[in-house]
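There are structures below to look over.
First subunit A sits with subunit B, and in the next complex the same chain sits with subunit C.
What follows is the complex of A and B.
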């Protein structure tokens, strides 16, 4: 009898705890807009994660200084939850899971690298949580998903831009590609480049691969040199490209070298130095032809962090702005309403140019081609979609 | 460059360069195993620390307003790196492995893995995760000989590793210290009775093995001038396989294994059209070799003493 009584008390207490908990959470989520950041803070691309984190912190600071984000009649402050995904697919998924179940975020910004963004996107989609990847250009990130968006163009477009550039501007008939076969981004863009370059009448004479973390590319470069290409396409990350270029030049490979948006970090220049002089790559925006909106962002970023924002910072800022605008427009913190507003955004003026969403998660936007000149990135051309 | 012989030679040269680095690190694994029958899994990370030390030494010497000759900067960095990695190896042995010498073997192996993780994460915490660039000590000069392209840095790596290997071989085979090392590896119980200080010889083994790994780190930095805190893991594993393939515990075997592994790494993408098979080829080779020759290429079977 006594035991039964104790059980009753326990039951009542746990019910009460549940109710209080639910009310507590409900009240809390109305007091702040909870946003998750899933970034590559450690691992092989720490610069990417760092830029992503810094840009989001800048945006949150700017919005909170004005009293918060306008949602309906109220001004609600932003609260960021920042998670490190260690630049690993499994940790990216775990970080997304943690942000959703523990921190109960409205939306997640990041991951940036496609290899991390694709698994994290699956988690967010299944939970019905909005995810915007600033920098993931692989089509698979958003493909067939409702809640997943990105702030950048996709690799089909980028591969086409670089293939066209190699054919028309560099007048190349033969090309070679060296790419990381273990990374979704590198593999995707390498294949699109090959497809468009050959459709354009060129010939890819060597299509060599390596695996993430390799430091020695001499074997593949010897194969490439034997095929004598007129241009070498390296759609790889900024921490690997300098070694590849150095080893290519040491083997006497003297053809033009081009790359993709994964080059766009200042680290590329500090690590690569003179070997990269004259190379071209496609990317999201060019700081030296910045619009007034971009100039404002660059100024604020430099004032806060003492260095120029790279493309990841600019795209993250755009991803955050897109989301905040959609929340204000939807006038609600309901995930489905915000998602529907986001998918219909037209002519959004971001730091990296104009973006239009046509119901899906991929924006229509332009690309720029930059060249390394005197150890700096210089604007070379714009390509419209 | 269209001549197939020249292309084959080019691949071979690439394999020699990579094999030299593997061989230098494999030596450390092999020496420690020979004397303690313990696998020092922290060895790859000692190599990583060596690469960072070499970078700082070079930056410091290049930054001095003395305009030192290149050979002096190179030797200075080499000496500095080898001294400090030797000290690191000895301290690790003294602090982490010696207290466990009487404990079961598996404790020492797990401790070694722990020390490796410590070195990686300590570097990550103090220096940060950003990849670092090694300054070029030697201005790279390219040569071409019959279609085979090579650089002065490549030659330097081959020559310096060869010198280190010959020195080590002489030390182990021709000096009294070397004799003591071989004696301890033969029987650790009897040797102290002959008046040999086992602790001193073990410390010396760690010092030499780590110094050579440090030199490997410097040479590696010259060839692949981007460093990160995790670089020791993969290289460490490959060097470990090299030591086992050559016959762990055998100095010449480690060198042979290093070059075999370098060849596997370079020729897999050529023959199988994708580098993705690299690790599976290396590990399969190890498995097959261990089935037919469990002691490695040059290892001698141990006789169970009753």
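What follows is the complex of A and C.
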């Protein structure tokens, strides 16, 4: 009798354990929204990775403070898995694969640089996992892929914006370009600028290049000076531009100087100083005319990290917001459903302006042009696509 | 009489071990992913390990066995990667992909071997630090050329390859590299190559044809680096010149010296350890670059020749029958 009783208890208990186990397992994937961050935390662009990580952590903190992300009827907290891709193609692919296979993430934010984003995009696409690159401007990243998105405009658009700006606003007929031939971003924009500037009736009189890490540009600048351009386009990174501008001014080049979104770092102003005064560049958003939404973000970011967010931080935040918004709208954690919602997002208001997706992975969004005034970035104009 | 019988018995057995071992490894490389026991991430990491083993083994031939200091191995890898990728994307029809893949790899390897000549000829006249500069320059030249050819994407990189690399192919090429290099090193050729390391002048005096051996060594080393490049290109499905910079060559050097110069087993160990360790340390983010190099420094303090420096495990040394059969092979030390 006693034995039977014990058996009964054991049976009931094991049934209970099974049920709890099953529910526990089933609920586990629904208990949190798992997002991967594939960022350049080490390597040659650590500030990019750092901003990317910080912006995502801020977003996750904000959402989790409100109890989590609304999915259907429930509030589910976000859980971030952050991986370093060392700014290397193979590590970016490995990190993406790790996030997918080991951490079973719903979506991946990053990588940022196109050289890393392209191989990582291949992995995500093959596994049917959503990937949003905040900063990759190479058209190839999303081309022909279903699950890959980006939060920024592409190189073609930026080249076009600056060509138009040089032609119409600066009234330039001739332009010169000095760009880094070893970097895909610089070369891409330089070529698109040339193409659009010439299509618009202008003439590119000098198209000079150098290689990453060069410190002396005098031979290229001599050629450029001899061609006497009305505007000089420098689509190069913020750490190199000040040196180029300084040398150009020393050589007596007095023409207007314009640049691209790679200028958008406070470093540029510290290094460049007075030489950059009056120069223009295109970028993703202007902090001084920020919308309430952007202001809120800038304030929260400054409060948490003690410094102003840069482009990458703003774009990463937007990428995260876009994704969370799509998850809530789809009301499900199903990757295909979220992907379909994301591809149809209309007039989404992010920190960096309004974004619309037309079925593909590239957003339609506007660019802004900033000018360096009194050692600060000042909003100058908006350019619609 | 009895003794030689025994020897040939051991030789045959040794051969059997090799064949069976290789087949078992290949079968595992196919079974584990196919059965789903091994997830895609583990496969990816193991393929990196395999590719790094090929690179380390081939670099060890030049740096470890021949005693030259080549620091531009990524240049050969780049040549192989681009040639193999162009062949499968632009030359052969896409549908033939899996069938012509080995051919594309071999062609990539041959192209790299041809590039190996560029380094081999200067090596007749320069040694040591100066040859290191030549190889460094070679690596930079390859990278710059690729950056300036728009037909292969320039700095934006080249893509469009199908994912033809899989664990079976990687394991297969690791085995081929290991077998070929082992047989070369324990042959007459290999003895000559080692003689160059010990004393080039003396080697010349005892009629070792050093120029020819240098050509062989550089080309063979470049060939396998090229094959590894081809596998890499078809694994990532994207290659850009930046991936084949000096940093990549440095990684290979680290793996060679970590595992130990002049040791095949050391190369396997060095490449596997370094690749897996760096992958495991990934969550440390920036600290990884403190922990990883620190381990290397400690290793160099306590084992200056690397884990297996100038030593070889038994199963990679020729068996008795091979020794008697070839006559010229040096005895096991």
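Annotations
As a working rule, the second predicted complex is superposed on the first by the 356 of 385 C-alpha atoms of A that agree within 3 Å, B and C clash if a C-alpha of one lies under 4 Å from a C-alpha of the other, contacts with A are read in each partner's own complex, and residues count from 1 in each chain.
One rule holds for everything that comes next: a residue touches a chain if its C-beta (ideal position, glycine included) is under 8 Å from a C-beta of that chain, and two chains touch if they have at least 3 such contacts.
None of these values were measured; they are calculated from a predicted model.
In the overlay built on the shared chain, the residue A:336 is in contact with neither subunit B nor subunit C.
By the touch criterion stated above, A:271 is placed in contact with subunit B alone, subunit C being left untouched. Shared-chain residue A:127: touches subunit C; no touch with subunit B. In the superposed model, A:42 lies in contact with both subunit B and subunit C. When the two complexes are overlaid on their common chain A, residue A:250 makes contact with subunit B while staying clear of subunit C.
In the superposition on chain A, A:226 makes contact with subunit B only, while subunit C stays out of contact range.
Touch criterion not met for A:295: it reaches neither subunit B nor subunit C.
With both structures placed on the common chain, the touch criterion links A:168 to neither subunit B nor subunit C. When the two complexes are overlaid on their common chain A, residue A:373 makes contact with neither subunit B nor subunit C.
Residues 41-42, 46, 181-182, 211 of subunit A touch subunit B in one complex and subunit C in the other. Partner subunit C is touched in their complex by these residues of subunit A: 41-42, 46, 82-84, 88-90, 93-95, 97-98, 100-102, 114-115, 118-119, 122, 126-127, 138, 140, 181-184, 187-188, 211.
Those residues of subunit B lying in contact with subunit A across their complex are 1-2, 7, 10-11, 14, 17-18, 124, 128-131, 133, 140, 142, 144, 149, 151, 153-154, 223-226, 228, 230-231, 234, 265-270, 274-276, 278-279. Touching subunit A in their complex are the following residues of subunit C: 39-42, 44-45, 48, 143-144, 147-148, 154-157, 159, 163, 232, 236-243, 279, 282-283, 285-286, 288-289. Interface of subunit A with subunit B (complex): residues 41-44, 46-47, 181-182, 208-211, 213-216, 218-220, 222-223, 225-226, 228, 239-240, 242-243, 246, 249-252, 267, 270-271, 273.
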